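I've put the structures underneath this note.
Presented sequentially are two complexes of subunit A, the first with subunit B as partner and the second with subunit C.
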Partner chain A sequence: MEKSEIFEKVVKILTPYVKSQEALEGVSPETHILDDLKVNSARLVDVVLEFEDAFDIEIDDDDVDKVETVGNAVELIEAKIG
Partner chain B sequence: MQREFSRLLSPIAIPLIGIALRWVLGYRIEGLRDFRREYRRICLEQDGPVMICANHLTMIDSFVIAWALGSPWWYFRHFRTLPWNIPERSIFAATPYMRLLVYALKCLPVERGGSRTEVTGVLAQLTHAISNCEVALIFPEAGRSRTGRVDPDTAASGVGRIYRGVPNCRVVCVYLRGDHQDDYSDMPVRGERFRGAISIAELKTDYRGLRASRDIARQIARRLAEMEQEYFDDRE
Partner chain C sequence: MSRRVVITGIGVLAPNGNGIRDFELALRKGLSGIRVNEKMVEHGFGSHVAGVPQGVDEIAKSYFSDDLLLAMNSGHRCGAIAGVDAWVDAGFERPDPDDDRVDWDTGAVLGTGIGGMDTIASRVVPLTDAKKVRRMGSTAVEQVMSSGVSARLSGILALGNQVTTNSSACSTGSEAISMGVERIRRGLAERMLCGGVEGASHYIWAGFDAMRVLCRRFNDAPESASRPMSATAAGFVPSAGAGVLMLESLESAQERGARIYAEVAGSAINCGGHRAGGSMTAPNPEGVSRCIQAALADAQIAPAEVGAINGHLTATGADPKEVRSWAKALGCAPGDLPPITSTKSMIGHALGAAGGIESVACVLMLNGGFVHPSINCEDVHPEIEPYAASIPHVALEKPELQVVVKAGFGFGDVNACLVFRKWNE
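Coming up: the complex of A and B.
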């Protein structure tokens, strides 16, 4: 799967959790999920579990801590897909 | 080091907090003896790790809960049972004086929603403390409930992660609420009377990884929601 395709899917999954629609319009790999998109930190796990379902991968507890930006999520998923 | 510093100050700090809650703010806890007896039983029955999970409605819940669970004398003799807390840094550790105070009260301040690295580090410290048979108090909802009711769907998975990281951890659910507490607030009203209950949660999950952490967190929050329902049923 192409990186751009993963990026688009990640943004689609994030959309319902995003509180800052303005930040969503200019979303890039550097966009911070909690600080910029204002996703509730307690909901980050729900987001990551949706990544698991959408990409058919398994993400460890420790891996969630590495997901700060949209780009981090894309890279993690890319690595898991192999 | 922090534990020993807290222990050193505990003969002064714990009674002072008790005096402030009881005599300055006028709080009372219905069934205080029963609360303390049950907590003593849980702590003495087995030496293993214990994590307290509670509902969260005011900024001083952790103080009120610690007061409800043990007398100064009890904590002096069994210091490990005085719960560690993870208060919000911007509120409870905003000034050097407050930082010193929370340091002395077994608190690990954290910025909720802050850097993942920092939050993870604090959770790791807490997991380490519980593994060493220190008791910790955690609010599964992470923040004060905006609806005034426990919502299992909002439970943060961190509590499940800690539970999974500590073999044989027992989870003690504490539901405590003031009679005048309709929803969340900074402080309970003066002269407030608290009622509630304490019980051990039986937890089991067939999931793995993150899903297991979330499942455990929701089970704990569901138990608290049941205790909440019992609280309101009793009041009717």
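Coming up: the complex of A and C.
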């Protein structure tokens, strides 16, 4: 899967959890999921479950702790897909 | 310190009408909101009928952001919509989520009888049993914790006074209003959003079906199924929704020039102690009469001043006892009982929401000068026959209506009674 395709899917999954729609318009790999998109931190659990379903992968809790930006999520998913 | 408490906002989602205008119209027309419920049919219930407010998910989508909706089950949706409606109706604007100001003078007592049973049944139990706890995600706790429904509303409106959920079975909604009144009277809050909420879910209703207390004889005629005070009453019809009142100190309401719908003149709460005929599932008649009398005494209103009664009246065997308890409490000969009506005849029994929705009906009756009909009891129960002249089968125009008394009784032998008085400028 192309990186750009993963990026698009990640953004689509994040969209309903995003409180700042303006930040979503200029979203890039550097965009911070909690600070810029204002996603409620408790909801990261649900976002990760959706990543697992969408890409048919498993993400363990230690991996989740490393995800801060949209780019971090894309790279993690790319590595898992292999 | 005891202050007067008035009603300055109303929010309602009922099976026969959402919002003040549609609900009042339905009440005046005697419109039933009871329908065949496919989930009950599919799951082999004895009863196939229920009352569910229409279009709740669509309204919720237009009111709330996607991230909120992901964590709002049926009860949360009903409670939050009715709560926001009462807030806006009282003349307030919905605060911006990024605005850090908190309204420290406004709280909420939003009760529920059963709570997030739909979330428990559809997610918590199946995923736990399948050893897939991790798949539950983050939103289960806030939807199954009893206080979730009031907590949800406080987050939407930035409420900073007491925010809690009471639960006392079918008297929940009435009790919530009584609790809010007390808090404002004591000067601990200026405004309280109070009422009852219950989600629509066959999981909530299954236990009642198993008890054989739901109506099974009118599965083919849903609009006739809820028959309080009828000789052919055959059990209650379960339903859902929310009714929320903005209670406000008279000082606060007058200071901001708010429209006043009516006054909560008095209230009382008690329990029959499961004695003298009372039990987990039946009221001690003395407890009922005492509760009504205590509410009137609290309101300093004489029984003769009561213009209409909105009963608990669910369409079970308890109806005749209830009517006799009202007559006893008011010291009335059978022919002298004020008009007595059951909102449940049109909307079914909304459990924890019943007291909230039916209190909204009382306020609309006082404000609009009418008594809504009690439908489906043309064949009055033989034991209620002496009181038959007091039961309206069509809406009564009563511009002179000054006082409406509402009572709710619940499993656990608990009672709550509210006295509403017309607001005269």
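One rule holds in what follows: the second predicted complex is superposed on the first by the 82 of 82 C-alpha atoms of A that agree within 3 Å, B and C clash if a C-alpha of one lies under 4 Å from a C-alpha of the other, contacts with A are read in each partner's own complex, and residues count from 1 in each chain.
FYI, a contact is a pair of C-beta atoms (placed from the backbone, for glycine too) under 8 Å apart; a residue touches a chain by one contact, two chains touch by 3 or more.
None of the values given here were measured: they were computed from a predicted structure.
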(message) On the A-aligned overlay, A:A23 touches which partner chain: subunit B = first, subunit C = second, or both, or neither?
(response) neither
(request) Please work out whether A:E58 is in contact with subunit B alone, subunit C alone, both, or neither, and reply first, second, both or neither. (result) first
(request) Please work out whether A:V11 is in contact with subunit B alone, subunit C alone, both, or neither, and reply first, second, both or neither. (result) neither
(message) In the overlaid three-chain picture, which partner chain does A:V70 touch, first (subunit B) or second (subunit C), both, or neither?
(response) neither
(message) By the touch definition at the top of the document, which applies to A:L34: first (subunit B), second (subunit C), both, or neither?
(response) first
(request) Give one of first, second, both or neither to describe whether A:L49 is in contact with subunit B, with subunit C, with both, or with none. (result) both
(request) Once the two structures are superposed, pull the subunit A residues common to the subunit B and subunit C interfaces. (result) 40, 42, 45-46, 49
(request) Enumerate the contact residues on subunit A facing subunit B in the complex. (result) 34, 40-42, 45-46, 48-49, 52, 58-61, 64-68
(request) Mind listing the subunit C positions that touch subunit A in their complex? (result) 65-67, 70, 97, 134-135, 137-139
(message) Help me check something: in the complex, which residues belonging to subunit A touch subunit C?
(response) 15-19, 39-40, 42-46, 49
(message) Can you tell me which positions in subunit B touch subunit A when the two form their complex?
(response) 112-113, 115-117, 119-120, 142, 154-157, 161, 164, 208-211, 213-214
